[in-house]
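Questions regarding the structure given below will be posed in turn.
The chains carry the letters A, B and C, assigned in the order they are written, with residues numbered from 1 in each.
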């Protein structure tokens, strides 16, 4: 009996200890981030932000309790922002508040937190509920708002870039200039404009406008229709230490005119770029690893729409981009439409970096340009003669050698990216499901505006999420079938055999 | 304790149950991943879909492994021999737990072929995959702990299997309650704390959180402790 | 050496064993005889520490089974009822497991296994699966399991149940041999088994010990002799063997001039007359003369009628 009592007491004590372990484990904990680039933790840039603070920075997360109870993301947001506070050594304050309970909904809506609707089931009734999940950052008299926060994956970038802007007290700005009459910004580049507007003040320039001082980067979208006079302000900006993206087409395709091609190799911009050291060839790069294009075909009286492989829309594999250059170091994927090869006159010259090439086994179309998807039989006309890998984009850092006599000597170090395609930045990428193209564009904008720290945060989690290592579709599907068969059939069969062998071994030993 | 582990493994591999459970696990998980989720057609370099379904497969796999662990000894009467060998209750329970974990680990190791065979197709985050496997082992350990406890309490294999499966199913899906009902954050947090699946989500994103690790280890320890205590108190029954 | 003191054991509301006390010494096999349901198996389980007594204490080889079960288990070899085994293992694998569990390893382990197999006549069956050998062999495997570590104390629950006559003879000879050096207690519901292997016997019925003594004594009492308890006042030592027709006569105690005897006479009506006449003739004063069989008779009937339906 005494032993029994002892054991009962011991069992009770153990239960109490377990409870204490649970409670303390929830209070004192640590996380180990096993992901590549520690994408689930905040980066050094964010950790050391507090050094730039002269005053207390207050981050308030306005989140509705009913959303917090329902979804995991608010807790992840809280965990992440808590890291800022933890590293902030007291200069970063973090508060979580339910605006409904605190009765501050009107106030926070006024400063820009946007209410969201979610479906809830209450007493068996499905209804819509209004919830909030927004962050307000206050520093001195200034504040900034992230209207809706739900994806913890992009939160660090949003938060750190806003905090930096608040500290600096001036927004960053980029300028857009459409250099081709067939694709004006307000018609063809609305998605890109919207994406940039989340991080920058976006200024639209007309050809010939002076690039405003303080512009972090100029994005030139096409350029064949710019005259020499209209190019002069661009060079003036570069010469003063500006940064520019030249997304230029050696062959322009007019989508609205039945994909009609126009060869533009003689436009002044190509002479200017050649003077800087970049040669854009008036030809097109094609590849069998490509996107599909919808094609309407008449079958008797019926019109059918099919998706056809379109070698003009090439998929750039991760293996074909520079892993050293910040723009492509963490590669989210890139699809180019009707791209022209770009060469550096002297690729080994100081400041030049090749950042994008085509996949292996690409080929060129360089005299007759067939773009109609129904003329596929003509696409591979020059496959055998021109088969190879072609460079498609170069970056350059350094002072420029002026092309125009009117430009004085360079007074600052310029940054330039030249890529042989402007269509990948257009709304066409939305249509082809190539959202990663805009991510690459943001990478370029950030590198051009010298914001490599932010670039690094934003691209930390970026990988090419597609299964793009194997470019050849036939090889891909063969290997895919093999992988399926191995896992679904062969491995289980091996276990069956192991079982049979084991059983017969025991039977034989008898 | 080595003798018990060895004997348990011998028993496992001389009956078809272990093989059938392993084959079921492998066929189900890879069919799910390749044919139902259509991994190659989706074309996304992520194993989330593969690992995401594992907690649900465990609901069947783990009871199949643990059901016989004590219930069968009791039914066959062999418990009487086992318990008059010079072992403490804790040693007996832990020995059987270790054997079950070896079997489960062997099964999980076979699934490594899936990440290896899809690795050439894209850019996978291997750190994340590793975190997932650590999570799978910890989740498996907690589930085996529960299964061992239930098996001690059961009179036969079938009831041990059904009861373990129901318990695992409940604690896997319990995190759906706060997701669909309007609860206070505190109530939701408490319910989520007891969800086996909720704690697995951290591993899915590639993060080892000491709270999740502690939860699984604690469930394992409590399951084994409960099992050894009920064995001990049964002596006074 | 087994020492059981005032052991009670209840399972829920059912009292399986009431106030049982006895000791078992080495050198002779002790039989625990009783009909089915008498509480024999409960006693066996309590002796091994598989169950703990509700009250009372059990000491095996000097170790208390409740406070130090681990040490007690080391000194005990136990063959449970029906010799439960793992059907999916081979005889060799099973004994290998038991030997390792008992702390043997390497060459010593192999030697112990070989010796035990030899002793139980199992050498030819090592690599056969347990579910493929006969009941008799399974019983031997169970016995082998119990003796592999040469325990001080051997506890055997119905060791010959379900065996054919030849197998029974073999197993009994093994047990008898073991009993010479060790403390052995076996349970059975068959009188002949006790007579064949046990030097001492405890008889249980309905959860209590109803008789204990040497096998010869108990056998005589069970075999229909009239057994009398006699208390004499006498100065000289009574020579009970001179009672006419006496089968057995044991002196139970002598205190001063009081002598207590147990005397067995062939069953006959009024057989007590012979004792009375003998006492008078010898000059002993008879203080008490009573039949000593009230419980035993019923037990005996149950034992004999139960023979054959027992497992």
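In this text, a residue touches a chain if its C-beta (ideal position, glycine included) is under 8 Å from a C-beta of that chain, and two chains touch if they have at least 3 such contacts.
Please read these numbers as outputs of a predicted model, since none were measured by experiment.
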Practice problem: In contact with chain A and with chain B at once: which chains are those? Just list them. | Solution: C
Quiz item: Ranked by contacting C-beta pairs, which pair of chains comes out on top?
Solution: A-B
Practice problem: Would you identify the chain whose C-alpha centroid lies closest to the centroid of all protein C-alpha atoms displayed? | Solution: B
Self-check item: Inter-centroid spacing, chain B versus chain A (mean Cα positions, whole Å)
Solution: 38
Quiz item: Between chain A and chain C, what is the separation of their C-alpha centroids in Å?
Solution: 85
Quiz item: Approximately how many whole Å separate the CA-defined centres of chain B and chain C?
Solution: 47
Quiz item: In chain C, which residues are in touch with two or more of the other chains?
Solution: 52
Quiz item: Multi-chain contacts in chain A: which residues touch at least two other chains?
Solution: 4, 506
Quiz prompt | Residues within chain B bordering two or more other chains | solution = 14, 236
Practice problem: Sort out for me which residues of chain B touch chain A in the complex. | Solution: 13-14, 16, 19, 22-23, 26-27, 30-31, 33-35, 40, 43-46, 110, 113-114, 117-118, 120-123, 125-128, 130-131, 134, 178-185, 187-188, 198, 201, 205-211, 214-215, 218, 221-222, 225, 229, 232-233, 236
Self-check item: For the chain A and chain B complex, residues of the former touching the latter
Solution: 4, 7, 11, 14, 18, 21-22, 25-26, 29-36, 39-41, 65-66, 68-72, 120-122, 318, 331, 463-470, 476-477, 479-480, 482-484, 486-488, 491-492, 495-496, 498-499, 502-503, 506
Exercise. Show which residues of chain C lie in contact with chain A when the two form their complex.
Key: 52, 55, 66-67, 90, 127-129, 132
Quiz prompt | chain A to chain C touching residues, read off their complex | solution = 1, 3-4, 506, 509-510
Quiz item: Where on chain B is chain C touching in the complex?
Solution: 2-4, 6-7, 10-11, 14-15, 76-78, 80-81, 83-88, 235-237
